[in-house]
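Take a look at the structures below.
Next come two complexes, and both contain chain A; in the first it sits with chain B, in the second with chain C.
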Partner chain A sequence: MEFSASPVWFIALPLLAAFSAPLWTRWHLLDHLLFGVPLVLLILALGLFPTVHEAPLLETIVIAPPLGIHLHLDSASLLLVTLFCFAVTLVAAFLWLGATDSHLRGRRPFVLILLLLVGGNGLVLTGDLFNLYVFLEIAGVSAYVLSALRDDRPALEAGLKYLIIGSVAALFFLLAVVLVYLQTGQLNLAAVAREFAAIPPAMQGLIALLMLIGLGIKSELFPFNFWVPDVYRGSDPAVTALFSGLLVKAFLFVLVHLAVLIWADPAVARVWLMTLGALTLIVAELAALRQDDMRRMLAYSSLGQIGLIMLALGFFSETTTAGAFFHMINHTLVKLLLFLVAALLLRRCLSLRLEDLAGAARVSPLAAGLFVVGALGVLGLPPFGGFMSKLWMLQGFAEAQRIWPIALILFAALIEAGYYFRWIRVLYAPVAPAASADTKTTPEPWAAYAPLLLIAGLMLLLGVAPFLLETSVVEAAHALLDRDLTLQSVLGVAQ
Partner chain B sequence: MSQSQRVPLRKRVRVKTLLLALLSVWLLVLFLTLLLDQARDWPTATVGDALLERNAETASANAVTSVVVSYRGFDTLGEVTVLFLAATGIGLLFSAPRPPSEPAAAESEIAAAPPNEMMITGIRLLFPVLLLLGVYIVLHGHLSPGGGFQGGVVIATAFFLRMLADPDFRLDHTRLGALESLSGSGFVLIGLLGLALVSTGTFLGNFLPHPVASMGQLLSAGVIPLVYALVGVKVGAEVGAIFQDMRET
Partner chain C sequence: MLEFLDSPSVLHGLHTIGSLTLFAVGLYGLLGKRHLLKVFISLALMELAVYLLFIALATTPGETAPILSDGLTAFVGMADPVPQALTLTAIVIGMAVLALGVSLAIRYHRLSASADIRTLADAKD
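For the complex of A and B:
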């Protein structure tokens, strides 16, 4: 029966769990479910890989595709859904085992984190333009509230900034959706893709520009990402782990997916997306050099990696895209690790400023050690997965005889090495840690480190055995780039 | 000559603001030119027209409702979720206990003044009528303009008037939460039931009998009035919770 394997579950199950939160509060099941629901979805996603390998799975909702909404589960969206469920499972495990702060426990974070998962899953699964906007709002609003969760001054500032800039982005995107409907009369992505070439060129440019601004703000690309460090600085590190690991990846995927499907001329799209990616990479890495707060540094480092992924995705070649998917997975793992380490250090040292962290390795040696592991992972040094994915992308550019992206990526890695080693040096500085650091708090239970150790182990595994993911990543790249295949599977005819 | 006239022009008008305003105007003009000159004529075969033609198969007399609740019911589920998130966010920001400050104390003094007698009597008369109107709009969503969103807001407004008339009137947050969660889960469960049953086989499929012959009657269109009633309860509970949160600060 189809019932057991429908992609609707990735949206319906967390939605149901979030809506019935008062029940779980009464039965004291919040922690179990926050961990259990994404875990069940993760298992379901892993079980779907053989099915999707045969053919993409289309789930019609009420009425068949050109008229109604459908969910489109192909190799690319399945890979991302799996990644999102995995990220939420890990963060939930971290919160369950280690978080003592009251604002991270209870009904509100439960609801918000699950709905963030709904938004992310919906963004990559949906095959309908307006439905995409609805999920953009769900993901956006849950993120605004999540960033204000701590309810103190910096958190409220972060939430307010995010709310304003996010709403502006959503408006840009909505305007583009309205124009698309006015011009083509279609909302289904495949039908829009078929009709889009008939729109006058100037109008095409306007729609593309509006979408690029809206999604560029959401996916934190260069001229539109001025707000990111403030939001990441004010939010809880455990929450920003989800922003960097889940939310941005979903919007990046949507941007590239729309570019492939709708922008008729891939050469134009390539120039735009690669330029934005390259600018994001360089500007963010240079800005990260001067940061004195670990959360801001990690935010800029995350932006740099986003730029790198955009650069590789925007090239629209199968090798670089496969490498970019692989790097998305690696980057999610690394940033989960680093932000969760930052959460532990923040609780221990009460501050994440450079001068307050001097000698922190003596107070919490394991956290500092994991920070080093994460830093090496970001840099892409050999035993870790980041090495393989960066190598893959470089190989793709080398095959196409493009030299400047290769030089840029290597230069960015050099800058990254500069600032990560600066932080490592401070952590291991031979001075006594600040007085406030070690007396007040009790050491974390070992269980709090379990999710982090699992991530570190996975990073090592992906570095040693990248072939485990090779087929699924290559298939995902193929599914993302093959426009005709998508049109054919939805509409039954190729253009 | 007065003081203001001797100040040089470039100090009175901020150049940066002026440039920014000019840039915005230029962009707007550019945008409008593009929109008016370059737009294609309204396409003849839109999704909307196609759905309108097929409206009979939902047996809902109000075609808008059959689009909102059935054909694009998934979007509606999403919109309800966004409202739920907004209510949660407002609850977070307004319900946190804050240290009493000067303006808050002054505000509570104003609130302590008893409401006007006219208002109390008026609202006492208006309350049942408004409630009835809200329920009517919700239940007749598949027959006439209106539905769960509009009716839910009318019901919440009725309770808001009660709050204005009676300072001691409180909406119980636990009960509102229970209503909200029941109706939200109900919406998803109806959707999943549509997926599970063989006769429909799609999420949110209309699994109840909906013969075209009964179109226009209160009991018609199968699952649509049921879903819209749940939406009405959910929207009413959420908007009511928002009013209550804002009042408690």
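For the complex of A and C:
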């Protein structure tokens, strides 16, 4: 059989590897494959950039769209798929080299993390509404079990809470899909986009509201994100790194993609999405100020950044969207770094509460140093990538003469500085480490830090040389916002 | 006397009212009940309401199964198969999520001797 570089591999390969897990357990290959599969996909994704640069890749399955189902790989989805594969590769490397907890090793996390990758890739690649629902459930179910993985009381509470709220979200989304099908008789995204304007306005509003509730819960936007800190608090930090770095980004993309495709006139969607983004940003940053647990603080900080990305994506201008894509990449890097550092600190100090972490920099100086790097990255200080992406978004708003988003973003950065420096001050407090800090255990092997140092290096590289990503990010923004191009590339093939 | 029930508009109206009632019952249970299993049953009810709405509104009385066989050689007067295929898929997914939820609830009950959603909501560090 001839090998062809088709987008279907991004879904098929991890699915295949996950389902043959018993085989890999017997051959003792779990760790190698959990690292190897996303790495292979990452290389494949990087290799596809020149092809997609010319024209979006369409993989039709059995029948051509709009009747059949298809995967749609354009610059925007390729960028996100690359990011997801990269994030999973790093977390897998971290688990392989550094994780000692039994629940993070073995078959269960192997299957679940690969399924999460399937879900994330599927969400951004699919061109069909019902497939979107199926991938939403695949990503959801693997995320529910991943949060409950530790199988103790806080983990199960997190898992149950996530499952209930996630099922409600999926239900609302399913209802929206059903209404779309009953009204248009189509499920293909491009075909729905073409016929959506013919639906009566009241029904249009209902469908949009249901989708906004469903995807708003999943992508952790303001009125629907009350559950997020509890889930992030109960799950393992290595797992939440994937939630914050992979899952939320996938849902944000889906939300904006649907908004662009379905509304020919972006004015209404812009008001809604920007308002939600701004509210998420400001509420989450203010709440983060008062948190005494590092996981909760990082959860609120992650929410704030998501609000920021939504604010910039929802403006639907090419400059802010390109900046938002760049910020998505930076935010994934930063949050991977911070959550993995939290995982190391948790193992070292047995607690992530503010008072227990006092003086932790003496016990694990490298972890504390990497926390500082991550904090500076979130704040968007030069020379890290976050500086360039925030600057890019601000520039986009400035070009459009919008002042309030600029003021809001700068104000949020000030609050961020407030709480991150509070944590840094505690880490470097000149007191003996708390009694609970287990100083007798052997220090982490250097290998455990290798993925973290790689992330820190990449953050620095993106800050110094943002032009490395400039073309792909601008193309991604163009592909996301150009509705006619998407419609033509999908339906043009069919006709 | 009851023939008027067979007219599509009346039938669809009845089905819509029925499934919306079911949805409301599920929503009430989801928001009002404390026991985890009752919450899961309410979720299942809401899902069922969506399936019912989909199937009921996508078919009209008198349609046959979309299979070409003896005497049936053209796709005329046949039900649209897509909603049924989608609903089957959604039922399977819903079933799997429900089973997962119940098994998590059982584990949680064993560890904490509680199946109350409020202890879940108040969970602190």
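Criterion: the second predicted complex is superposed on the first by the 486 of 495 C-alpha atoms of A that agree within 3 Å, B and C clash if a C-alpha of one lies under 4 Å from a C-alpha of the other, contacts with A are read in each partner's own complex, and residues count from 1 in each chain.
Here, a contact is a pair of C-beta atoms (placed from the backbone, for glycine too) under 8 Å apart; a residue touches a chain by one contact, two chains touch by 3 or more.
Quick caveat, the model's predicted, so the values are computed rather than measured.
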Check: Is A:F130 in contact with chain B, with chain C, with both, or with neither (first, second, both, neither)?
Finding: both
Note to self: Quick check for you: in the superposed arrangement, does A:A93 touch first (chain B), second (chain C), both or neither?
What the structure shows: neither
Note to self: In the overlaid three-chain picture, which partner chain does A:R108 touch, first (chain B) or second (chain C), both, or neither?
What the structure shows: first
Checklist line | Chain touching more of chain A, residue-wise (chain B, chain C) | finding: B
Check: Is A:Y144 in contact with chain B, with chain C, with both, or with neither (first, second, both, neither)?
Finding: both
Notebook entry, point to check: Which partner does A:V62 reach: the first (chain B), the second (chain C), both, or neither?
Noted result: first
Check: A:L187 contacts which: chain B (first), chain C (second), both, neither?
Finding: both
Notebook entry, point to check: Touch check for A:L206: first (chain B), second (chain C), both, or neither?
Noted result: first
Checklist line | First (chain B), second (chain C), both or neither touched by A:R353 | finding: second
Item checked: Touching both chain C and chain B, counted on chain A across the two superposed complexes -> 130, 134, 137, 141, 144-145, 148, 151, 156, 181-182, 185, 187
Checklist line | Complex contacts: residues of chain A adjacent to chain B | finding: 2-3, 6, 8, 12, 15-16, 19-23, 59-63, 66-69, 108, 111-112, 115, 118, 122, 130-131, 134-135, 137-138, 141-142, 144-145, 148-149, 151, 156, 179, 181-188, 191, 198-200, 202-203, 206
Check: Where on chain A is chain C touching in the complex?
Finding: 130, 133-134, 137, 140-141, 144-145, 148, 151-154, 156-157, 159-161, 163-164, 167-168, 170-171, 174-175, 178, 181-182, 185, 187, 230, 233-234, 293, 353
Note to self: Residue numbers of chain B touching chain A in their complex, please.
What the structure shows: 31, 34-35, 37-40, 42-51, 54, 70-75, 77-79, 81-82, 84-86, 88-89, 91-93, 96, 174, 177-178, 180-181, 184-185, 187-189, 191-192, 195-196, 201-206
Notebook entry, point to check: What part of chain C is in contact with chain A in the complex they form?
Noted result: 30, 36, 39-40, 43, 46-47, 50, 53-54, 57-58, 80, 82-83, 86, 89-90, 93, 96-97, 100-101, 104-105, 107-108, 111-112, 117, 120-121, 123, 125
